[in-house]
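Dropping the structures in below, format is structure tokens.
Two complexes are shown next, each including subunit A; its partner changes from subunit B in the first to subunit C in the second.
Then we have the complex of A and B:
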């Protein structure tokens, strides 16, 4: 006789989801979303390569702008640009993760999960965990690839680790927001349709130039743009060193946005489940 | 006496103005294979989605595996296996990985996972393909994996939503065998299908659903019997037609056949064939060919709905509830009520 715990209890003796089962489920779903991501090089490679390409391009095009009034004191443009590169890569990687959730909804895999006694929150967190891990990996890759070209991190090894955590949190925050779109629309196309919007938001932020060098409406928009604050948190670690203030900005800003975004995504998940 | 594993009472589901399911009542007994038969858009998948907790009923109640599908949905999920036609299997994962994931979802301990997974893979003939990505599987292999996934927790109640749609005949037969084996082991199976032959082959009882309502329910044999007598068809020389008709008319109502053939509805059933042959012989009628055709589920379906599934047993009319394209259905004719051979 097979020792299958649940089967032995068939007839319905099990009560509520145990926390440990929910965590096992979330971990298994996170593993699935991670495996799925890395088995699609066509999705992974561009979100690794394009930000690096932009960074190199920016370095050669805007390298001399570091002497502009208002530009912080940096060793090179790449040192300044590193935070923007990380944010850019993580933003696009998060769209990929959310699009995969929408695909699950479209092709019925989501229903497969719902037909099983799966923790509903686990379905969302499992998917986001994969994106978050990918965000951390992207951050590490960007730092280590750009470092020999001048993208130094004043905060040293602890700063790099904090940047990786920050990159993961940004990925979680953006992934949760994009997942809300996926859950609301159930359409991978709709999620991918946010890509140009993110691109515009990125360019209207302080990802490529400090807000101090901007003027007029551009400066106002950048000041209102949450992406500016995500970038500047990371940049603080790059430029200021491993200070409490820099670390707090790098970690707490994306964490706060992630908490709000997770609340929105969870609300969208409940809304979708109510419609069923 | 224990409660039947699937009970639905006045189950209704609306999607805006469209009434997909208009109040169905079902009771499926323990150990049955129950066939839920209907064309696309008839409401069978909507009904199954309500019974498997994927869709809330607009009204009515249903209990599955002893639990209410709305108020005890999680308990229902723990006790049923579900293989949905439109629920994709992740093509980027391997069969073994998907079984491992499914096992975790059902709380199966890691210590039992490998043994259970290996047993299921062997059962559905996928041991050799277990480490391959699903994207490399054929349609039949995916369906067998789907079945294995739905069995990971050894459910007593199994929902199979169009399990053989799109499969080649060999794969279909393999899956049928597996369903029979599962049922023999005590699993209650609710099978939705648009294939009359599938329902006929597998189901102990069937329900025909059309436009959101159950229009016939019963054992396939009883339903076919309700259509009437089997048709005996004989082929003879044309100059013996009148003598043959005279003999045949004593056994039941004459029915027109194709040219050169005479049909009769045997009121006394198929056991009268020997008597018919003897009487024809005594009358000097020499038979060239003889066949007897029992009424089919095709006829039951036609009788119940007023149309036939297009292309006989296999292709249903397209469309959704209330939205059916009437151009795709074959209208019921008097001739078509007589059994499948009359039509072919």
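Then we have the complex of A and C:
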């Protein structure tokens, strides 16, 4: 009886120790992926500057279109555009993170991790943590840079915080999907090759113009496009204020997509592990 | 007699013949590459098609603005798509040159008694052929999407001239940067600079619709004149930008000046390599 109790206790300690080790490993890999992103400005600067350029360009180009029928009530086009800018930047940033995972596979670092007693899930989560953090940072930068130019957030400071969480979740969702491609193909080129697809998805969504102003097939495609719902959740915080509905849409939509995407990425990871 | 012929100095006519022959050799090589490597050509076709379709659909509502020069969004955005595709076709020359520099093919060209001018003229002519092919496909696709010219054949001719002009400017710029950097560092500058230059003009909306800093920049940008030329046959007859000599002249002049500048930049950069 005492032996059984001792065995159960030691089993419990072992599980606890294993969990703690797994957390430490995931944290170390997350730190590595974050530092890797910030130490290579050439990789991250374009996903910061391009969306800002497009936002300023859009504000000057489409500033007068906010009076068109179907356009929501906004203070400026930039206020409408803020959500699109965040989504655009986060989408492009996530590709960079996934391409880094593919590079790890190509240059053998992934195999070295597998040869070591490393937590398998930690390899994926560690990589995604870097992208998620970068997504949060991008969102904060876009909000604070564009705010003085008219991109006001009706939801105030709580709304900005919710937007940052939402940006991080979008980054996690897209990063997980792109990581699936990286794990499936093991090729950074293949991951970069999905970039045009993201670009097309972004343009055929309500990121730059409201769905209500579109017509025919374009409106249908934008209605089916998940990017539209990611953008509109963020936009609700920007335009409607800090309401339960707006916050739920901004957080729950990317969270749901992130859960599905993580499931797909995890399944791709298991599939790659079976091949080893 | 044979000795006399072989030792005489190369005259202007011989040099001209050598330049043309070498240029057409390079044109042939480029076109064969297009056939053998369609993956390198397809982005040049995909970009204008995507731009035209995506912009026409997303920004469909801007044609409802008072005073917008056309009521068909595809009429407005087709020339933009074609211009973007042409610019990147031109810049793509820089990418292929970098590949040639890296894999040693270019050194072999330099070692041969090839005219230096042909190293610029040949690829530019090949780009014109590719852009004309892309333009033909884009015109058909635009027609199917509802684009209707308002000046008949002249509409197509003006858009094609603008596309060829932009391709030439892009080619000169791309080749020049490739000669200067000789590696993929130049590629990022090529893409970024062309992208920014194109959009800091009336690429998306007419001057009357713009506000703030962009209006100031676009008003003085020569690319605005090129877009006016490209769209002259696609805007309504009541528009001040409708087909007329005064509306196309500025675009033609901008093409000639910018092409001359960019090709001179390419030739100067090439001379730097030789030195």
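Definition applied: the second predicted complex is superposed on the first by the 259 of 276 C-alpha atoms of A that agree within 3 Å, B and C clash if a C-alpha of one lies under 4 Å from a C-alpha of the other, contacts with A are read in each partner's own complex, and residues count from 1 in each chain.
Here, contacts are C-beta pairs under 8 Å (C-beta built on N, C-alpha and C of every residue); 3 or more make two chains touch, one makes a residue touch a chain.
Here the structure is a predicted model, which is why all the values come from computation and not from measurement.
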- Message: On the A-aligned overlay, A:197 touches which partner chain: subunit B = first, subunit C = second, or both, or neither?
- Response: neither
- Message: By the touch definition at the top of the document, which applies to A:28: first (subunit B), second (subunit C), both, or neither?
- Response: first
- Item | Which superposed partner A:19 touches (first subunit B, second subunit C, both, neither) | neither
- Message: For A:157, using the defined touch cut-off, is the partner it touches subunit B, subunit C, both, or neither? Pick first, second, both or neither.
- Response: neither
- Regarding the shared-chain residue A:68, is it in contact with subunit B (first), subunit C (second), both, or neither? second
- May I ask you to decide whether A:244 touches subunit B, subunit C, both, or neither, giving the answer as first, second, both or neither? neither
- Message: Per the contact definition in the header, classify A:57: touching subunit B only (first), subunit C only (second), both, or neither.
- Response: second
- Task: Counting touched residues of subunit A, say whether subunit B or subunit C comes out ahead.
- Result: B
- Message: Considering only the defined contacts, which subunit C positions touch subunit A in the complex?
- Response: 46, 50, 54-55, 57-62, 64-65, 196, 199-200, 204-205, 209-215
- subunit A to subunit B touching residues, read off their complex: 2-7, 10-12, 14, 16-17, 21, 24-25, 27-29, 32, 35-36, 39-40, 107-109, 111-118, 276
- Residues of subunit A that touch subunit C when the two form their complex: 53, 56-57, 59-65, 68-71, 196, 200, 203-204, 208-209, 213-215, 217-218, 221
- Message: Please output the residues of subunit B touching subunit A within their complex, sorted ascending.
- Response: 52-56, 65-67, 72, 74-75, 77-79, 82, 84, 86-90, 92-93, 97, 100-102, 104-109, 111-112, 115-116, 119, 133, 149, 153-156
